[in-house]
Structure formats: C-alpha cells, structure tokens
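Here the structure comes first, spelled out in structure tokens, and everything after it is commentary.
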Amino acid sequence: MRLADATWTDVRDADVDVAVVPVGSTEQHGPHAPLGTDTLNAVSVAEAAAATYERAAGADDGPSDDRGAIAVTPPIPVGVAEEHRAFDGTMWVTPDTFRAYVREAAASLPAHGIDRVVLANGHGGNVEALAEVARRFSRDPDHDGYAVAFTWFEAVGEHAGDMGHAGPLETALLRATHPELVREDRLAEAREGAADRWGEWVAGVNLAHDSEEFTANGVVGDPAEGDADRGRVLLELAGDALAELLAAVVERER
Amino acid sequence: MRLADATWTDVRDADVDVAVVPVGSTEQHGPHAPLGTDTLNAVSVAEAAAATYERAAGADDGPSDDRGAIAVTPPIPVGVAEEHRAFDGTMWVTPDTFRAYVREAAASLPAHGIDRVVLANGHGGNVEALAEVARRFSRDPDHDGYAVAFTWFEAVGEHAGDMGHAGPLETALLRATHPELVREDRLAEAREGAADRWGEWVAGVNLAHDSEEFTANGVVGDPAEGDADRGRVLLELAGDALAELLAAVVERER
Amino acid sequence: MRLADATWTDVRDADVDVAVVPVGSTEQHGPHAPLGTDTLNAVSVAEAAAATYERAAGADDGPSDDRGAIAVTPPIPVGVAEEHRAFDGTMWVTPDTFRAYVREAAASLPAHGIDRVVLANGHGGNVEALAEVARRFSRDPDHDGYAVAFTWFEAVGEHAGDMGHAGPLETALLRATHPELVREDRLAEAREGAADRWGEWVAGVNLAHDSEEFTANGVVGDPAEGDADRGRVLLELAGDALAELLAAVVERER
Amino acid sequence: MRLADATWTDVRDADVDVAVVPVGSTEQHGPHAPLGTDTLNAVSVAEAAAATYERAAGADDGPSDDRGAIAVTPPIPVGVAEEHRAFDGTMWVTPDTFRAYVREAAASLPAHGIDRVVLANGHGGNVEALAEVARRFSRDPDHDGYAVAFTWFEAVGEHAGDMGHAGPLETALLRATHPELVREDRLAEAREGAADRWGEWVAGVNLAHDSEEFTANGVVGDPAEGDADRGRVLLELAGDALAELLAAVVERER
Amino acid sequence: MRLADATWTDVRDADVDVAVVPVGSTEQHGPHAPLGTDTLNAVSVAEAAAATYERAAGADDGPSDDRGAIAVTPPIPVGVAEEHRAFDGTMWVTPDTFRAYVREAAASLPAHGIDRVVLANGHGGNVEALAEVARRFSRDPDHDGYAVAFTWFEAVGEHAGDMGHAGPLETALLRATHPELVREDRLAEAREGAADRWGEWVAGVNLAHDSEEFTANGVVGDPAEGDADRGRVLLELAGDALAELLAAVVERER
Amino acid sequence: MRLADATWTDVRDADVDVAVVPVGSTEQHGPHAPLGTDTLNAVSVAEAAAATYERAAGADDGPSDDRGAIAVTPPIPVGVAEEHRAFDGTMWVTPDTFRAYVREAAASLPAHGIDRVVLANGHGGNVEALAEVARRFSRDPDHDGYAVAFTWFEAVGEHAGDMGHAGPLETALLRATHPELVREDRLAEAREGAADRWGEWVAGVNLAHDSEEFTANGVVGDPAEGDADRGRVLLELAGDALAELLAAVVERER
C-alpha cells in the first residue's frame, strides 16, 4: 500500500504489519544520473519489497497466510548530503534536522497502531544518521514503536563491493526502473571523470570530508558497468532482502 | 526544470531564476481523497506555474525575453498536521522540525547561486510555519537568499472562500490532475460526514485544536462541489498567480 | 485579579476560572505613540474583560452565579518584532524563544490548578507564534492545561478592517486609556509619513518582510482617525469579546 | 528614559549611554507581599539609578557634563523560580528559556547602537542565569555589546546580610515604594511561619532545592524588620550603587 | 570504589550508597601548575571523601554500620572555562553543553539504582552550572535521582578566603598530591605576575568577564603561600566535609 | 605532550602539530574487564602514537626533522553507550550531547592555533558520532580547524576481524598495559557467557539495539584469545597507524 495514495479509511481498514519509509537524497549523481537518484532507488526497492512481502501472503502454505499489508510512506527527499555541496543542485540538511524530521515523521505511525517501521535508505550519507534514528525511536518511552534502518546497496550480496557513487549499482538500478532519466550520451564523460574509490585513505581513515576532494565530476566507479539487466538483478536482490527483513521484524519479539 | 530529474551539470548550465519548493503534507483527506492530496496539489501548481513562467520567456515581446528557468525541487512530504492525528495514516512533525527541515533544505540553493526561493504550499497547517521560514531565510546573514511563501488555495480569487478541508477546492484540483486517486464512490459518504466550517468559533477565536473535534470523517465543505472542470480553473488561477509571483520575486530589489 | 498584586495565599484562596496572559511587544509605533503600545493595549483589554467577566458573576440570574475569578498575569513585554528592527528602540526575540517563554510561563499555571489559559495579544507579529503556543500547550502530556490565543484588534467587529500599525485603532485605544503617552503634536507628521497598507503584495503574497520597506516613519493607516471616543468603543468591543471567550473556555469540555 | 513610554523617534534623538533591563519574577512572597515583588523592586531600583545618573549630568562640574541618558526597558516579568513552585501563583520558565529571552531581548539594543546593557535584577534565583547571560552577551561575535548583571540586594552594604525571602529587605523596599501592596494585617502571620535561613545546609552545601522544604509560608527572615524608612535607605543605597555601576560601564574600555 | 576500575558485576554486587562525579576543567593555572589542576584536585578530594566515608562503615559503633560503598566515577575533564580562553591550552565547552553532559552522564546512575549523586567540583567557573544541574536532576520526572553540587575550596573553613586562581589553595593541594606536576622553579615568576584578586569590581559587580583582563600570567593569589603541608590540611578538610555531605545525602528523606 | 600535565606556558612555547583527543566510554566490559576499558585503551594508543610521532622527529633523515609535538588532551570519559544500559555501572549521554561536548572541547584548540585535531576513539558506539563531529568541525566557518576520527581497533590489520566486545582485542590491550585491572580469575566465566557475534542479523541489518539482547554477560568474542603479547602487538599496530595518520594530517593541504 502506497500510503500517500490511500485514504485514511483505507489505512484504518487495512491490517498493516510494517511501515516502510523510503529515505532518499537530492544530490549530484554525476553528469549522467539525476539529482533524485537516491530517492527513486529507495522507493523502487521499498515497493518491490512490499509487493514481495504481500505476495507471500497469498501463498497457500506456511505461516505467511496471516500476513498483513506493508505501508510505504512518501519518501524523505532531502538528506545528509553536505559532502556533495560543491556540485550544483545538491540539497542537504544538517544531520540534527534530518534525524528529527525522519524520527518525528516515523513516530506518527505508532500513533495509529503501526508500531513497526523500516527506514529504507538509498544514500550512503544517511546511513549513520538513520541507525541513530532507529535506536532512538525504538527506545522512545512515548510510544511502542520499533524501527530498524536498511540501505539497499548493502543488501545486494557480492555486488555491494562495487558501490561507488553514481557508479555501476546506482546507474544499473535506475536504468532498470527509470531509463529515461539516465543520460546515455554522457556515460563516457561520466566514467572518464570518475574516481576509482570513495575518499582519500590513510591508516584506515578517510581524510576527505567532501566528494569534490577526490572526484572531478562527482562519480565514483564506472557507471557503464551497470546496465539494465544488472539493475533488475539488484532490484530483486535488494527487494528480497528487504522483504525478508520485514518478515523478521514482524516475527520478532520486541 | 524538475530539479530531481536534472543532473548537476544541467543545473550548472541552466540559468535558474527562482527555485520553487513544493510543500505538502501526508494527512487525512476524508474517505474519498488520498493522504497525499496536499503534496500532489502543491506539485501540480508549482509545475503549472513554472511552465507558465518559462513559456513567457519565449514570447516575442517585453521584458520576459531574458527569463531563465524555474527549478522545482522535490516536494516536502510531511508537514505540520498534528491537528489531524486522530485520523489513520496522518503523518506530522513538530513545527520546529518542519521549519528547520524546510529552511535548511532551501538554504542549499543559495549555496549554488539560486538565491530566490518560493515555498509553494498545499496545506493550511503549514502556512504559519512557512511564513516564519521565509522571513528567517531572507534575514539569514549566512547567505544572500530571499524567500516568500505562497499557498495555492489562497490565490484562486473568489474560490478561496470555499476552501474547507478535502472539500470542493482540493477535490476539484485532484480530479483535474489525478482523477484515479479520487474515490468517486465515497463522495456521498464524504459530504454526509462533512462539517460546514473549519473549527469551532467564539469571539473570533477557534476553540478547537484538532479536526476531530468538529468533523466526523475529516471533511470540511462539500467535495461534490468540486468537479474536474473547476479543478482546471483552479489550476490555472493558482498557477498564474504563482507565475506572477515568480516574476515579481525576480524583478524585486532585495 | 491582577496576579502580580495578589499574594500566593490570595491565589490559593481564590477560585480562578481562567488565567489571562497579556502579550505585548516593545516596538516602534510611529513618532506619536510609545514603544510600549502593544503591551499597554493588551493589558487594557485583558483587564476590561476580566472586570466584565467577574461583574457577570454578581448578576442575579443564570449560570454565571458560580463564576470564579480571572487571574491577569503580568504582560509579556518583548515579542516577535524583528520586522520593526530598522526603527530605534524596537526590541525582539526569535520566535523560538518567544514561544518557549510564553508557553513555559503559562505552564506554571496548571501546576497550581489553573488549567485554562487565554493569551491576550496586542501585536500582529505575535499572532502566528501564539497560535502555535496554544496548540502545543493544549496537547502537552505533562499537564492538563488548555489554551487559546486572542488578539484584541481582530475582535472589534467592522473596525478590524482599519487596523494598520500605530494607526487608527491602536492610537484610539491608547488615547482612551493612556492619553498622556500619545504625542498629539506629532500626529500630522505621523499621518504624512504613513503607508496606506501593511506590506507590498503580489498574487496574495506580501513580498516585504520588514516594515521599513513600505513605511517611512513606521506608521500604517491614519492615526488621526482614532480619537479617544473610538478608543472607548474599541475597548468595550474587545473587552466584551474576550469576556465572551473566557466564558466559552470555562464551559467547554476539553 | 522609560523605553516603553518613549517613541522610536525619541530614542533615535536621545544620546543613550546605557540600557538598564529590570529583571523580576512572579513568585510567592509570603502571605503579606505580592507575587510581583521582585519585578516592582527591580524597576524601582533601576529608575532610581537612572534618575541619579542623569541628574549628575546636570551638575556643573566634572566629567559628567557629557552624560547621556539611561534607557530603562520594560521589566522581564517571569524568571527562574521553580524553587517556589509549591506556592500558588508562582510562575517560572526553565533557565535555558530565561537566558535566551533576556539575552535576545537585550541583543536588540546594540542593533540600535545602544551597546552597553546592565541587567538590574530583583530575584535571587535569577542571579546565576544572568551572570551567564552577561558573559555570553559580551562575547557574542554578532554584535559589539557589553553587559553586566547587578542584583539590588547585594549592593546595599551591611543590610545585605538580612536578605532572606519576602523578609526585611524586600518588604521594606516595597513599603517605601508601593505600600498599598503590602498586607500589613498579615505581617504577624508572615513572621510566625517564616524560616530563619534560606535552605538546609551541610558542609557548605544547601540540600534543599525547593523553598517549601524549609519554609512553611514562603517567608525567610522577619518582614517586620523592614519598615518604609529602611526601604527608603535601601532604595538610595541600591540606586546609588547601580548609578555608580552605570558610570563605570560607560567609562570602561571594552 | 573507582567506578572505571570496577567491572559491571562488581557494581551489581556492591551496595552503593552514593555516586560521586568529580568535575574538573582543563585550563590555565599559571606558569607553575598544570592545565589539569582542577580535575586532579576534584579527584583527590572525591577519593579522600570516599575513603573516609567507607572507613566509617567499619567502625564498631553507631549508625554507620550499614554503610555501603561510594562509587567515584571518572572525572569530567572539560568545563565552563571560556574566561581563560586567552591562555594557551585552555579547553572549554559552552555552559549548555556542559550542563547536558554532566546531567546526562549522572542520569545513567539512577538507571542502575544509584539514585544519589554528588557532583564534586574543582573549578570556580563550573559552580553556577553545576548548581543548576543538581536542581534539574533532582526534579527530573524521568528518574528518582537526587543530586547536590559540592566545590572543594568552598569547604575548607577559613582557608576558603585565600582561594584565588592557581594560588595558595590549588597549588598547595597539588603539591601534597602530585608534587611532580608543580614547577617549583617558576613559583617566583608565578607570584610576580599574579593579581591580588579575581576580577575588577564596582558596586559589587565584577566588570571583567575574562581573566586576562586582570591577571597577566593567569595567577590570582600567591602560590608560594601553599606548601604541601597546607595541601594535606586542605585535603583533609575538604575530604571530611564531602564525607559529611555524603552521609547527609544518604540519610536525607527526599 | 600530555596536555593536562603541561602548563599554559608550556603549550605556548611548544610547536604543536596536532592535538589528539582520546575518546572513551564508561561501560560494561564483561565480568573480567573494567568499566573504563575503552578510555584506558584510547589513551594508551594515543600516547603510543604521540611517542612514535615525536620520536621520528629526532631521526636524522627525511622530512620529519621539523616535526613538532603532539598534544594529547584528557580523555572524554563518557560516550554513546546506551546499548549497554542493562549492565550495571554503564554510563552514557545522548549522541547529541556527546557530539556537542567533543566538538566544542576540540574547538578550543584552534582558538590557540592548534588547528589539526585527531579524535582517537576506543568505543564502537562512538564511531558514527565522531565521524559526524569531525566533518562538522572541519566545515565550521568559525575556525580554521580540521579533524578526523580514528578508532584503534579498526587499524590493527587482520586482528580487526576478531573485535567483539570485551573480547580478545580489548582484553589483550588491557593486559599489556593495565594487567592489574583484568580479572584473570573470571575469564572462564567471561568466555562461557559470551556471544559469538555482535548483534542479531537479518538481511544485513542488526535487529538488536541493546547488547543484552544477544549477550548474557556483556561479552562478545573470547577474551582468552587475547594475552598480553597480543596486546603489545595491537598497541604497536594501532599506535603506528595513528602516528601515520598524524603525519598525513600535518602534511595534507586543507
């Protein structure tokens, strides 16, 4: 269930097991991918997982018969992205404000009895902040909610090692889901200006706080390595992982 | 220009006159209209205005020849909506967090030289908070930005008096732009449970802080009074008003 | 009962129905009216209303026999007035601090069993912030209090349309209550430098965030249109409206 | 100059040397003295000092010939008084909010070129918070202001040792300045229920955080020891001390 | 019991009566005493008091037979010391952050059933902030804790009058406990550059907010007046006073 | 240079290249290791690195000849450790307060010209928060400082995979540096109650927010696998890594 498309009476009448809050970012993704990449990808994975989870409910066998619905909320569009501030169009908020916005928005859900929440994230810069949100939400004495944070590109098996930024994984997923938004004619330019690796490392520490310190055009990794077929594989992997997480969250004693 | 669909290089190469930040809400809109109504409507009006503004740039005559682009950012999806907390699926954040989130997200724009911002709002509960954001943003010594807040249903001439909540205006606009999201078969139910007026007034003061105090199903006003034709009129009125505002913001000495 | 003049034992022994917190501002009111205008006017209306409310308790008939007292607290002297910062002597705090100060001060009252509070405001710049304070106060899980905000010049019937700033209404009320503080010899100067209207409007939006953008001497409206007789009418109208509100607040189920 | 009674043009045309911000409290002062005692006393001392300072400017001799005016702002009416929360009618805000309110209100003054501020305090519970405000204000990189905090009953020579609460000093000053507000007929009761000393001390530490822990009726010290004559002496002592401080603040290099 | 040296099982198995949180500062102490002086001294006094308190438990007589342990936590190393910012190596945090850090750290203790806390302070600049922390902690509805703040050099009888800064008292205590950290060869220099008194006083008010305004080398008072013998006396006086306070805190009804 | 042992004149006269702020925690480390483990280990590594760095300055060859000193500040003793709240003696502060305390304390250093700071961390729960502190510090427009965060057990090569909690690595380091604080007689108990792995993982997400959910006695990993010899290896590895980082921080253009 897309929450934004439902009416309040639909939500009242549904049996919602978990809410999924897609969390994105509006930030540079090289010359070939749109600023909204992270939000689009977070939504794609969230919706795929919800469909997988709900489909399992119709299966004839097993414990899934009594599965309810997954409510996918509207995505959070602006995140912790100051590291890309050198690139035009990038938007960001402070981590403090981001945490408050996500946490409070999520806390509306237990107020309606939806007390399990998964934050489905599409942006590396949000990872730390969302982990903190999930912990604080889960310990909040003001409601009974429990939350965990999931980041799609950490849940794609061996592909995860290729992550980068606007690189093979993100580009692939976008090509599979929103091909019209990928500028195919700029891929050569994108790969040429790309960095091999995120950051500038000494003794296990990244010395660079901003992406412009190590990438000329904002890209890390080779986006040409991510075609639509790979994107479909990634969507399935990430969607299945998130669906598995949703089931585990429902079954877990809190 | 939809900012989320553009690449950072597109933004760098464009001549952006003003950014428009649609501001919505995820909140009950009766049994017939979706929780995302305010966000959808804010985006519709923002995009209509951007198109009108940019179209004028192509006209042969007058000062508009040198008009640049309008960057429409992703919408802010959760607002100040605690007044609807009694109705399922409604999401909200505190006014403090809302103000911080909108203001900081908007402040990313002058960092890239886009220093005029219009907050294009679709939710009554956001009005006060956005007025404050616009003032603080415009006085912020940390950047040169200037902002004002616009609420579409205040800029539709005589129609404004029919506003309500999930009533004729919001329903009409949605029917014109997203008819598949309006539950036509629940309109009778919607009008029957509706209140005539927002609030409970004594001596010019509304005594009711929450909508459930005066409306049984969340509706105020008669949604049946808002058909798609009226919606098209509203879209044109609001879009033209916002386009006029954009032009005034560009021309104004700050 | 003026709270500041009472002893704590007086308060303990009284039967206080509602507390009224006058909220003012210290800000420019043109060359003819004092910086303290808004505070003085808020107190005048609050005290008039308390007297009216308490007088009704002595009437022979009806439900008012069991009326208690109204506790009028000391006025809040500095408000949200940064819009007048260009004019000497104007004082202001941020909206955040203003809201916190008013809300916390008011929250002392339910701690003593006075759980109905009306914020009686005299300054336009405080309106939005006080509405938010009243809502948050009323939803606060830490006490049982209920609050609403009232602004005197919105409750004077047809006169309300003449509001302005340091214009006919504020000047009139002051002439009726504190004539020694109105500089009669500067009225001509005041009206000459006055603006006709508050703000600079396009498409229903005020583009001006500071008053100096549209008024040379800080005045909006013609103060000469406000003599002491009109002031007495305004005081009665506003006082009666507030007294009516106090009664409604007492009678209302919360 | 009472700032609230002046017009903005009066302030513009005056030569203000220092602003004095009286800081009071609305809190229990026993059965005999009003809740507003601290505010009234702070204002009395501030106005006495301003008069003394300005009078010196008219003297024929010495460096005082070029003295300007003292602007006495409206008093801050609610302070740090949670320690009296057990007694009806007491109002308080948190120290955080109090500090912000006083500091921001004071920071309006350097915005108009009045960059020396003395916080003239009448309440013991405010002392620590005001010291912090003065330091932070003076170090604020956003303006050139300098501030110090003064508490009248610490500047009355040997009398200071009799302070208490609602005891001899406060009662005396009030009898000298606002005799109508002192309930003479409750003085016997006041002294009978009074504590000898503020707090409950072990090893130099006060174990009691709230006044109700050591005083039955809120009084500390014998109010009967404070007649109007003593009050006049106190007013002169405190007013002279504050005037001396004002002169020192003006002459000091910052 | 030094909490940092204990295991969690040790704490679980102990019968802790009170926790003592030493609070220090890292700030200039003249050319002869280390930046860590206040922290070292706070720890010395805390440990002396804990030993004294626990020793009394072994005595044959009286109510002390059932005494439990004192848990001395790690010291808070950075405090409110901006007043020394002109001197190299001085570290500080804002009072807001200091209060939050001490209060929250202390609030961990009642979560484990240790609900009496004494803040044992070694720095004058922390005094006001710790008093506020103790009050707020004790009134916190989220736990049952009670706290008071103690400053060692206020509890050394007649010696207290010699306090200064890096002067006789602090130097003496350090010589008794950490003689290797006192630069004996710089004592002459220290006394020569020292001020006689802390601050610059007019009418009972200190006009100086920073120590560099009145001391050239950071010293106030004559450090040569503080030998190790005096240090041992001070340690005993302060340690006994704090032990007495601990006993009183345990016995007090809260 | 241990900052706390130095005088302000020592710091003034030294040529400090970088400040290292050890950041620890006071939290359960099983039945065998002390609550202060993380702080002790952070200090050990910081001091080893400072010694290594400074020793290199004395070498005959290369660019290190002009190396200055490393100032090791006092350790931050309480961190983000709410996840261990179920175990006695654990202390923690909120992430917000922790970040503010570390960041502000560190910001004192550029005020004295020490504008490179390394946060040398000993606790896993602090990692995310310190990364954020380092970024914000480095972007702070109020000073020229640059900071990075280092966590010792992430910089010990292949050993890093054995981390756990109170397991082989932490126990080994402690045995090498503070053997008296390791309870050898409880090691068998420690290993028996230990978990194999930190957390409870599904789809790459840890479902457990608190350590008690997966470890009975607080231990993760086998502490017996960490003898003093291994501890010495770890100290050298981590110390060398940090020294390398210090050199890189000094040489890097910011």
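Per-chain numbering from 1; labels A, B, C, D, E and F assigned in written order.
The rule is short, and it goes like this: contacts are C-beta pairs under 8 Å (C-beta built on N, C-alpha and C of every residue); 3 or more make two chains touch, one makes a residue touch a chain.
Quantities reported herein were computed from a predicted structural model and do not represent experimental measurements.
**Student:** Between chain D and chain F, how many steps is the shortest route if every step has to go to a touching chain?
**Tutor:** The fewest steps needed to get from chain D to chain F is 2.
**Student:** Give me the step distance from chain C to chain E, shortest route via touching chains only.
**Tutor:** 2
**Student:** In this assembly, which chains make contact with chain C and also with chain D?
**Tutor:** none
**Student:** Give a one-word verdict, same or different, on whether chain A and chain F use largely identical residue numbers at their interface, taking over half shared as same.
**Tutor:** same
**Student:** Could you work out how far the Cα centre of chain A sits from that of chain C, in whole Å?
**Tutor:** So the centroids are 49 Å from each other.
**Student:** Can you work out the whole-Å distance between the CA centroids of chain C and chain F?
**Tutor:** Centres of chain C and chain F (C-alpha means) sit 56 Å apart.
**Student:** Using Cα averages as centroids, what's the distance between chain B and chain C in whole Å?
**Tutor:** 31
**Student:** If you look at chain A, which of its residues touch at least two other chains?
**Tutor:** If we look for residues of chain A contacting two or more partner chains, we find 96.
**Student:** When you draw the chains as points and link the ones that touch, which shape shows up: line, ring, star, complete, or other?
**Tutor:** Topology of the interface graph: a ring, with each chain touching two neighbours.
**Student:** Beginning with chain B and continuing through chain C, what order do the ring chains follow?
**Tutor:** With chain B as the starting chain and chain C following, the sequence is B, C, D, E, F, A.
**Student:** Please output the residues of chain C touching chain D within their complex, sorted ascending.
**Tutor:** Per the touch definition, chain C meets chain D at residues 3-12, 26, 28-36, 39-40, 71, 73-78, 85, 87-94, 96-98, 100-101, 104-105, 108-109, 111-112, 181, 183, 186, 217-218.
**Student:** Along chain F, where are the residues that touch chain A in the complex?
**Tutor:** So the residues of chain F touching chain A come out as 82-83, 95-96, 128-129, 131-132, 134-135, 138-139, 148-150, 154-155, 202-207, 209, 241-242, 244-245, 248-249, 252.
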